[in-house]
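There are structures below to look over.
What follows is chain A paired twice: with chain B in the first complex and chain C in the second.
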Partner chain A sequence: MMKRRMTNRRLTGMHHTCTKQYASIGQQLVIGMLCSTLLACSADSPDQNTAALNQPYPAQTGGTLISAMPSDPSGMIGMVAGESASLAIGAYLFNSLLTFNQDLDLAGELAESWQVADDKKTITFKLKPGLQWADGKPLTSADVLFTWQLIIDEKTHSPYASDYQLVTKAEAPDAQTFIVHYAQPFAPALESWAHLQVLPKHKLAGQDIHTTSFAQKPLGSHYYQLKEWRHGEYLKLERNPKSVLGPANIDNVVERIIPDPAAQFLELMADNIDSMTLDPITYARIIPSRPALQAKLNQYKELGNSYTYLGFNLKRKPFDDVRVRKAINYAIDKQEIIDGVYLGLGIAIASPYKPGTRWSNPNLTPYPFDPTKAKQLLAEAGYVDSNGDGIVERDGKKLSFEVLTNLGNKQREKTTVIIQRRLKEVGIETRIRTLEWASLLTNFIKPGDFDAVVMGWGLSLDPDQYSIWHSSQQGPGQFNFIGYNNPAVDKLLEQGRMEFDPETRMQIYHDFAKVLYEDSPLVYLSAGYGLTAIHKRVQGIMNPVPPAGVGYDSHKWYLPEPLRRTQIQAE
Partner chain B sequence: MQRILQNPMAITGLCFIGIILLLALLAPWIAPYDPDAVQVKQILIGPSAEHWMGTDGLGRDVWSRMLFGGRVSLLVGLVAVGISTVIGVILGALAGYYRGWVDTVIMRLVDIMLSIPSFFLILAVIAFLSPSITNVMIVIGLTSWMSVTRLVRAEFLSLTQREFVTASTALGAQDWRVIFKHCLPNSLTPVLVSVVLGIASAVLLESGLSFLGLGVQPPQASWGNILTDGKEYIQFAWWLSLYPGLAILITVLGYNLLGEGLRDVFDPRSHTR
Partner chain C sequence: MLNYLIRRIVWMIPMLIGISLISFFIMHLAPGDITSTEAAFDPKSSEESRQKLRELYHLDKPVIVQYGLWLERMVHLDFGHSFASHQKPVFWAETDKDGNTTPGMIQEALPITLLMNVVGLFLTLTLAVPLGVIAAKKYGRWPDRSITLFNFIGFSIPGFWLSLLLMYWLGVIHPWFPISGLHSLNYAQLDTWQKCQDLLMHLFLPVVIPAITGLAGITMFVKNGMLDVLSQDFVTTARAKGLSDCTVTYRHALRNALLPLITLVGLSLPGLIGGSVIAETIFAIPGMGKLFYDAVMMRDFPVIMGILTIGSALTLMGNLLADLAYAWADPRLRRGVMPQR
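Let's look at the complex of A and B:
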């Protein structure tokens, strides 16, 4: 649930970066073209290091890994700042009570064990013994309690407060024990404790969280600590020898702030950064077409926990008719979108969960591309082309609607163009409108003033999707903006939240996905892959990528001495 | 006319514009493919016999899109300049003919408009309205009439002092008759030059707006949004950036050459040698 919101913000962030960058793109392109020509010349000559790069070395410590991130964090307290850059850096510095193991099951991080009481309303966490902050002070349940109080404090304005506000009472009876009480059973609670980045009470107590110097000079307990931060340029992280999970292999991590993906890629080619996330074009076309790049980069792909969809405003005609929704679903060729927009780096889905995980219903298959069936369904719903203009109508009214999507997201823009084309073939007219992200949300999504949208959901690891589908979540600004209202689904979602047993829960969410499938309140377009390129000098990376993602065990990565940079080029 | 044909700049400009106009007008007949036909099996193919200018990120034929995009760009240029010229001529004529407070009001309005950076004004207005061809044409038209106003006013200031104008006023001709029959026809030469140059900048503006996603909306093609699509692939699909870039260059160059040529031809000082 919390992750879901984070992902929304991540989209916003991405978008703002795009618009801000317009001014300098011209310059960057020119420089970019020059650089790439120069590079191509030098890189085409056989690289004597290539052989060394492919040779496996034993795990060792030391070295500096340089990575790139698109925006400068606003502060180090991600739970307060509420933006992805802060949370990403925070993940290097702070621990949570729980975490997810490589198969995405819950595991203890600060907590050694956790117990759900029989009435399912109380969770007791036991902390590991001997935990300490990077400055040597002990990390106790008092710190966890303090962090919880901070997040739910009205004055903090944390965007992630709601999950933690469900806790009616929290207590820390001794240094090792942390107990939370809920008014009613709430299964997604466990996941929320895997997201709360625990902050040190002895540094923050009594301070104003919005102005504290801690946000610039943090103190954590995780693998790394912040050594230097040049705003807008880079953040230098140094290994924390007192890390509660044991020290990481790599000595220093430098996160360079490079907003433009094209500029990041140039730096990757020039060997100035070691890793970056890629778009499908770079992953599937550019890198494979350049042997010099292939020789020094490893590419990783992992199925992301998100999907793109075409959503209907169910309160408007004609989308209140299930036959029309199904017809549109049959009329869209999902594989065409995956091939055309994601260059094959995506998969079609039939339930709102990551395929292959326990929550995704294996008995459902995505709606096939079947224009004949689509036309048939439209005819059943009373839509026929009576005047021969190629567009179907009912009672003299054309079946025509507007599809909105956010400006600057090229993949979504292309998706709408493909959809428009396919829908026209079955006699449905669509108009495309791309809007700036903030304007799309405030002027159209919040007031519910739209016909259809192409957007995406980034999901949490917990299967609870109450806020997206429950009929009570239709208010302005809430996530069920398509206006889905189905008592059967409401009931399943309520049951799912109360159920802690994984097997029973799984059945509930399989049933839920089945109802959605039959109802077709939105068209699942595709679940895309997260794509990463990492320089071959970084070894010890799990391949194939585990479900938890490529960075899951980055503390075990290492830089073999012969492959390290001779000098750090962070400036 | 003879002199226009003897001016090398004007002739070159005319040729450029002629070719582009012809191609755009004939687009539906000469385009080998439907400009909006998505072919996911043929994404980003370089120029070949089958696709002269290659295909774009959705497998659409770039040559066909360029032809149809040209229609949009040129249409926007012509209509926008049409609007600005009509406004400019009327306001300029009023200011130059009546002088006094009419002149003051209109010229201060011109000053105000000129002091606002027009591209940002257009950006703001388009973001406020919704982006569409019609809006782009109207907004460009409404924000670029100032130079025409100044030109026409200056011409009118001198024309109203001339004998034939004074004569017709003395004979009791009505204001509108003096303005439209005597002054206007004699002040149109500099306007013609500025119209031609105005089209060039309107074409550029439209491409800029479409490049930023605020002009012509997909799937309709315009040179500006073909360029935007190309930006994403500039590292290896050069044809998506080169051809629309060239088309914009040739068109703008064509109009500018023609405009300069016309100025030389009509400017009496350039013939005194």
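Let's look at the complex of A and C:
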């Protein structure tokens, strides 16, 4: 039920980190507070029940799991809502044709099988037999077709329509078959069908997708159904006995909306919620220092599908010179950033893919920290400190530039300061400027008016990164805003989009990552871990965490009866 | 009287239009729009989709045209639909053809904020007036000093810090109060009495903390007013007549000292609908403050304009009510305002 939450996080991950920052004051404060005098308080004495918590119980059904999320979903139709909370709740309710298994390979969800035609332009999905919606009506290929028509509709306000608009024709010849035709082979199509949450035609036909009350009272086919929604406060989900993937173990899932992470943590301490996502300080410092918390919580970490980078405006001097870019790459100590900013809860990367997955090139190692080499490369590029002011220059011009990052993202701000110091050591002067997200995007990124930026990319599970790196994607508002232009990369990206065979694709993206590595158009700074704390009363959690994340098989989680909350049971 | 009222109310219309025009332009001065906040940096979204959204929302038109479109809708009291929140209606609930209702965003948030602020204002006043009177009566002696000190501390403590501290102390260590939220999860199953109790318990911390930190201003206001009045001739006369201390203080002095408070309360009327972002965020209460903050961050123009319009209308109403209440309470002013009577 939570399995797609990780992938959903990437959808709006970037803006997500930008709008929720006001909470950080409180967060830091509660940390200071907890670490100081109050630490000695009586709440720390371990509970007698902790022994029971560590005892394994057999899998069983029932119980209520309560977790917290930072913002209220705006509606249940993810394609229109376009924000992570809606997609996360939608992932409890709706199925897609395909999904990703625990190793992040494609697998069928509603589809029993799928077949790519020899010309690679047609994909035929065969639906599983006997699928039904929670109200008992059959779920057929007509629903899938309807959902596709909905997202490509001219009138639908969806930021995610582009992948589906490439479908030239879609058909549902019988109730079990859904066929899509593309004008040319498009390998990321399969991933796109793993993201499209299939909606019931019999409920939505003839409705205005934007104003329909279906967004408030949805009907799905997945493990859970929406039972009660108190806007801005909580959502109650109850198990769907007709779930197309078989029923989940836990009866009720409650998502409480608590915007402030400090308040979330207090609720976790008071045992009012069972799970929350943590920041590195809570994960690495606060919980380990409190035996009472440690006794009742399990902590999990999983590598997310996103990374932070220092990107250069390649259309500007001196960044058009690969030696300067490499020098900067060598001058930055990535481990220092990971240790200092993420308290060690991250890793350095060498390619724009999640390490350990098929797409990540295992032969590349992150640029090491080597200031001597950096200085040498700068000298080769003609930058030397001739006037002894500590800043290198060429033709009398200092090597000095401005680094932009978005306001309120503390991790990026700290990262930028660390970079500034290291670059100064090799004679590069940087000025830091933090800007509110919308203003950074509209006034600087979109017109291309910047030297360098510290930002992040949240990536999809499909390796295609055409929109980020292809030279055709440099227009205002497009994602290759750094102006990367390499015909070799263009060609690889085009090939990768046409190739369905995973092995051949893997080779293409390994080559692509290698070229990027040599070009160093941006400095990969770190890929942080996603951190979660879950109460020990929740059992059956896969350990170690699979690549797909801790929530991957949450439908198999269970709450042993002796460990359940008494108050909720009485309800 | 009636003429005066009608004149004031008619004048509010051009005022409101002026305010909304200025607000609209200032709002558009901030860089970006919904397409630069919603899914803007997701590699899966495309510039074409964003351009389409801009056209659908008329964001590609000049600001004055957009204002015209907005004004046209407002004439019909149509506050429009949110850009960022799934096209939810901004103010009024809407019913689709199947009879299902989608509640309006302001409609949902406003009662919560109003409840909190009215209870909070009531609490502040019931505490501040006696405290102010005591401080004035015992001016310079220990009760006055301790009240001043208490106010000083309350005024200086950052509200969010006190909130977190009390949430920890009264919610985690001694679980007497709920930590966050507005309703218990089993609220729907409770009977009416338990529902009230539940709501009060949830409201306790979020209402009491701002009341304490906001006490200082009004207490000082009352105290200074009382000090002024107590030294006036009519108080001396009242005492000379042999009236009891209690009558002098509460019937003669306090009634006069409270006059300026009417203005203060009148001016705080628009504040009643503006929630506090920080308090609402910390206590996870879906009120107006957070609604407005999120709308600004997301550049959700219809919601921003909806809240600003209601806010300015209430400010104007508050001014009017304060003036009327003043006239009602103070005979001198009543004659000045309405010479024809």
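In this text, the second predicted complex is superposed on the first by the 526 of 571 C-alpha atoms of A that agree within 3 Å, B and C clash if a C-alpha of one lies under 4 Å from a C-alpha of the other, contacts with A are read in each partner's own complex, and residues count from 1 in each chain.
By our rule, a contact is a pair of C-beta atoms (placed from the backbone, for glycine too) under 8 Å apart; a residue touches a chain by one contact, two chains touch by 3 or more.
Model, not experiment: these values are computed from the prediction.
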### Which superposed partner A:59 touches (first chain B, second chain C, both, neither)
neither
### Task
For A:418, decide between first (touching chain B), second (touching chain C), both and neither.
first
### Query
With the two structures laid over each other on chain A, which partner does A:205 touch: chain B (first), chain C (second), both, or neither?
neither
### Query
So which one touches more of the residues on chain A, chain B or chain C?
C
### Task
Determine, under the contact definition given at the top, whether A:107 touches first (chain B), second (chain C), both, or neither.
neither
### Message
Output check: A:343 vs chain B and chain C. Expected answer is one of first, second, both, neither. What do you get?
### Response
first
### Task
Please work out whether A:433 is in contact with chain B alone, chain C alone, both, or neither, and reply first, second, both or neither.
first
### Query
With the two structures laid over each other on chain A, which partner does A:285 touch: chain B (first), chain C (second), both, or neither?
first
### Query
Can A:410 be said to touch chain B (first), chain C (second), both, or neither?
first
### Task
Jot down the residues of chain A that show up as touching in both complexes, chain B in one and chain C in the other.
22, 25, 29, 33, 262, 439
### Query
Of all residues in chain B, which touch chain A in the complex?
36-38, 40-41, 43-44, 57-59, 127, 130, 212-213, 217-219, 229, 231-236
### Query
Taking the complex as given, what residues does chain A use to touch chain B?
22, 25, 29, 32-33, 36, 262, 265, 281, 285-286, 289, 336, 339-341, 343, 407-408, 410, 413-414, 416-418, 420-421, 432-434, 436, 439
### chain A-facing residues of chain C, complex
30-33, 35-53, 56, 81-82, 84-89, 94, 96, 98, 100-103, 108-109, 160-161, 164-165, 167-168, 171-173, 175, 178-183, 185-189, 277-278, 281-286, 290, 293-294, 297-299
### Message
Help me check something: in the complex, which residues belonging to chain A touch chain C?
### Response
10-15, 19, 22-23, 25-26, 29-30, 33-34, 38, 41-43, 66, 71-72, 74-75, 77, 80-83, 86, 155, 157-163, 195, 207-208, 210-213, 215-217, 228, 230-234, 236, 254, 256-260, 262-263, 266-267, 269-270, 272, 437-439, 441-443, 446, 455, 457-460, 465, 467-468, 475-479, 567-568, 570-571
